[in-house]
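In the two complexes below, chain A is the common chain; its partner is chain B in one and chain C in the other.
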Partner chain A sequence: MKIGIPRALLYFYYGPFWESFFKRLGLNVVISDSTNKAIINRGIKVAVPEICVPIKILAGHYLTLAQQNVDYIFVPRMVSIRKRQFFCPKFMGLPDMVKHSLNFKEKILTCDVVSDNSNISNYRNYLPLAEKLGKTKKDIKIAAQEAEKDWLQFRKFTQLGYPAPKAYELMVKGLNPVKINPKPGQIRIGLLGYVYNMYDPYISLGIFDILQENNVHVTTFDMFSENELRNVTGNMSKVLFWTFSNYLLEAGLHLFNSDQVDGIIHLTAFGCGPDSFLGKLFELESEKKGIPFMTVRVDEHTGENHLVTRVEAFTDMLKRSKAV
Partner chain B sequence: MKISFPYMGTVLVYKKLLQLLGHEVIIPPRPTKRTIDLGVKYSPEFACFPFKVIMGTYIEACEMGVDTIVSSGGFGPCRAGFYGEIHRRILKSLGYDIDLIILDQPLQDKNFLKKVKFLKGNNSWLDVIKAVKFTYRLIQEIDRFEKEIYRLMPYETEPGQAKKAWNSIQAEFDQAIDQAGLERAKERSLDILKSIKVHEIPEKDKIRIGIVGEIYVVMEPSINMDMEELLCKLGCEVERSQYLSEWVDHNLLPNIFKKSRDAMFIEKGKPYIGRAIGGHAQQSVGAIVDFKDRNFDGIIHLMPFACLPELISQSIIPRISKEHNIPVLTLAIDEQTGQTNALTRIEAFIDLVRNKKASVNIA
Partner chain C sequence: MSKVFLGIDVGSVSTNVIALDHNYELLFNYYARTSGQPIESIKTGLEKFHSQYPDLIVAGVGTTGSGRQLAGVMVGADVVKNEITAHAVATTHFHPEVRTIFEIGGQDSKIILLKDGIVVDFAMNTVCAAGTGSFLDHQAERMKIPIEKFGEMALKSKNEVRIAGRCTVFAESDMIAKQQYGFTKEDIINGLCQALVRNYINNVGRGKKLEPPFAFQGGVAANVGIRAAFEKEIKHKVIIPKYFGVMGAIGAAILAREKIEKSQEKTTFRGFGALQTEFVPKSFTCNGCSNSCEVIRVTAGGKTIAVWGDRCGTWKEKMKQSLSEAI
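Moving on, here comes the complex of A and B:
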């Protein structure tokens, strides 16, 4: 039996878990190709015009998988990974949207994912899949437990400072890498963005490579553990409702207040609702702390030159102010 | 102390409640182009449209010397629950030093009692209960008359009659301060209603349109092109999926004896959106099904540009429209003030609905 997983959205955070989980159930896993022009065009055609780019891309990945002869396509309903917090409504309504607007209703494999922390390996979440996959409760339980180990390993590597795709590679190869620290004199930038924007090279236009070519040390939100960031937002009367936005908010406030970075870039997608508020909070914080801050907003465009220019100008400015 | 609130729908109700509690109330101006311009200027670019309009309203209220603003909150996952936090920060950065009181669900908000006590002022709890009860009745009555008005307006013999009547009815209710006053206002309003002269239209030729969508753009005529009036002028009866009294029924009263209309919408929406995803997405799709069940002829779906929950309903609506055989027009409302485009689409839509009905009648 073949299970399709789109290389989009939370794949860059939970992909290692899901992939390992289905493989350990003895199933074939098909992961869609890295986002390309054909995929995104397929998505744009079926999605409502004003929805955010990551969802359009996701739709493209689903349609691509549907043509790839898979038996099921995994469309989890991400509900909550922190007490009294949720995912963006678009994640919570994703299975409904897919079911009623894309044409592969019978191939959808879905379950609600609820957890009280970022570890979503509790096997109970995946029990609703058992019947369709022809597995027993015990199979599911064992697979989830084993997959959890892989995922924790992957998360450990991201926390050592490796971008998610690299951390995944290290995990698969079973290597034991060392922590990446900034070299003396190196410009340090905090890159705040959701995994699906930062790690999808098509959306981010390869911002990691551009920063690396400019000899920049990059810190992202997933390089922190949940515990490190706890209590960062302690003095806010209300935090955001979306946990990944809160991860960004916490990482951002932490970076603004801990002298770990010289500048901060907020990478956001056109039409992202949660980011419209998150970005404002960063802007106000930047004014307060005097740390340079830049917003990079990406959409389905394909020219990367503007991004190169802006990132170079930003790092040049940081270099100059550091030299003074 | 001068107290104010966001402008949405029949604002005399909020005014009344705060006045009964002994506060000095300033009604913010009805949103105009200036309100929207101010809001857009100081809001994050991709904030949803209601956020921007309310931002502008707050700034205008501050200019009028208001020092306290009361609004409602929430805990997501729709963005509206976080409005207050960002509004407060922006107002502060603009130099307006005001109290923004956000009323959240009592169980999740640590400071709920403190906020209520502040609003309570020197009144006894009994007075507060009386005031709240009175206001609730007031909302119910006003909503009832509003529904009637937009049922009659398309058939008025003399254009503008119904609108004028609606204004007088609101003025009547504005004078009521107790139960007896409410009864008087009700009687007079019934007379006013009767004075509207209407053409007789055979039942089979009546066109009924339901408006569904996000609460602010559905309820506030000044930013939705006066949608109800517009549709009435095109000869359609109109009903909304959202009325203030129903919001109260669903959100503030226990649903033990009577199921609220919202709860019924949610049930009808469930086959399409499996669980609450914030905002009014489930209600919106449920309301479409309900309007169809009640033999409405078409639906206008209003959403703020890039509204998170309504984008999900928008994605699903083509399927509902097909399965239930009811035409739906989705309009995203934003700061664009040019209306010709939307107007053309609405007129075309109504023509379509009319032709559809005519062809059914013939068959």
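Moving on, here comes the complex of A and C:
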């Protein structure tokens, strides 16, 4: 049996868990190709124009998988991974959206994912899949436990400072890498963005590579542990409702206040509601702290958006001001 | 013997070659229409410089503009930088306090926002002619007034005329109508200047918070009428940098100087003799995957010496391999 997983959205955070989970159940896993023009165009065609770019891209990945001769496509309903906080509504409504606007209803494999922390490996989440997959409760439980180990390893590596795709590679190869620290004289930039924007090389035009080629040390929200993040807003009276937006807020506040970075880039996608709040909050914080801040907005035609130039110009000037 | 730093700005319409002396004074300035022949323009510019100042030593070269990679390969540049950085570096060198740079050239225009000397945002317009110098050129020609006189005439205007300047076509018909109402040429020209500035601010500056101090540069900054229109529109004084027309090239030269001074290395400039080498740029569409990249490849003496445009880096890799085999 073949299970399709889109290389989009939370793949860059939970992909290692899901992939491992299905593999350990003895199933074949097909992961769609990295986003490319054809995938994006497919997504744009079916998605409503107002929806955010990441969801359009996701739709393109689903459609691509549907043509790839898979038995099921995994479309989890991400509900909550923190008490009284939820995923952005687009995630929560995903299975319904897919059911109504993409025509592979019979292939949808879905379950609700709920947890009180970012570790979503509790097997009960996945019991609803057992029947379709022809597996027992015990099979599911064992697979989830094993997959959890892989995911924790992956998360450990991102916390050592490796961007998610690299951390995944290290995990698969069973390596034991060292922590990445800024080298003397290196510019340090905090890159605040959702995993599906930062790590999708098409949408971000490989922003990581660009920064690294420019000799920049990059810190992202997923390089912090959940506890580190939670401590930041622990005593704040108001937080955002949406979990990943909150992670970004926490990582941002932490970076603005801890002398770890020379500048901060907020990478946001066109049409994202939560980010309009987030961006404003960062802007205010930047004013207060005097740390240079730039917003980079990506859309489905990133190439024309001068993203590379923007990032280059920002880092060039940071370097110069640090040199003087 | 004195040293100079060269800056080369290759845009789609024009090419600038400049030389800065050690006091950051402009020593030499060459401007040419690129007219699809950037290589020729660069050669001519450098040769002119060399024949005017055969004794000066070139201590470093920087390139910028849309043709910066090609120019960089050709001359052996020490620094190849995008035009945003180049402009920002040049402006902040002469006016560190500037927070907003208005740049209007012949065919394109941009706004660069700075905070504490750091670029935090920018926008470019390369599509709509109504916010660039070509809009004025066109109207000057139509009214049979030399463009050099445009600015002064605008200042003589006594009556406010609002020309609908959303786009070149509308502006034209509106102008004709206003002329028939009996407004003077001066008034019409002034109205045009204001229309251009309005267009520019609305298109390029849309949704941006424009903070003073303002600098206004690019070829169009020569026009006193536009300067006045800017000050009126944003209700604030604008600074016109001394070398307003060649700020991109100056930025590239400054960056080259910084790099050389910091690294203490010798310049990679290939010298004036090397200009005789034939450089042939070719572009092709790669069909290696569905990204269909537009790849540009430059060859010299039959060998590929530079490649860009490939998203995945395959072609760059291939070039490196074949170059290393050749050694």
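Worth a mention:
Basically, the second predicted complex is superposed on the first by the 319 of 324 C-alpha atoms of A that agree within 3 Å, B and C clash if a C-alpha of one lies under 4 Å from a C-alpha of the other, contacts with A are read in each partner's own complex, and residues count from 1 in each chain.
Convention: a contact is a pair of C-beta atoms (placed from the backbone, for glycine too) under 8 Å apart; a residue touches a chain by one contact, two chains touch by 3 or more.
Bear in mind the structure is a predicted one, so any value in this text is a computation, not a measurement.
In this overlay on chain A, chain B fits alongside chain C without clashing.
Once chain A of one complex is fitted onto chain A of the other, the partner contacts of A:Glu213 are absent, as it touches neither chain B nor chain C. Once the two complexes are laid over each other on the shared chain, residue contacts for A:Glu228 go to neither chain B nor chain C. More residues of chain A are touched by B (comparison of chain B with chain C). Using the contact criterion defined above for the overlaid structures, shared-chain residue A:Arg310 touches chain C, although it does not reach chain B.
With the two structures brought together on chain A, the opening angle seen from the C-alpha centre of chain A toward chain B and chain C is 90°, to the nearest 10. Legend: residue contacts after superposition of the two complexes on their common chain; A:Leu318 is shown touching chain C, with no touch to chain B.
When the two complexes are overlaid on their common chain A, residue A:Glu169 makes contact with neither chain B nor chain C.
With chain A used as the common frame, the shortest Cα distance separating chain B from chain C works out to 8 Å.
On chain A, the patch touched by chain B and the patch touched by chain C do not overlap at any residue. Those residues of chain C that touch chain A in the complex are listed here as 81-85, 88-89, 114-122, 124, 258, 262, 289-292, 311. Note for the complex: chain A touches chain B at residues 47-48, 50-52, 77, 79, 84-90, 92-93, 95-97, 100-101, 112, 236-238, 240-242, 270-277, 279-281, 284. Within the complex formed with chain C, the chain A residues making contact are 36-39, 202, 205, 263, 290, 292-295, 306, 308-310, 312-314, 316-318, 320-321, 323.
Against chain A, the residues of chain B that register as touching in their complex are 44-48, 73, 75-79, 81-82, 84-86, 89-90, 93, 108, 111, 272-275, 277-279, 281, 305-309, 311-312, 314-316, 318-320, 332.
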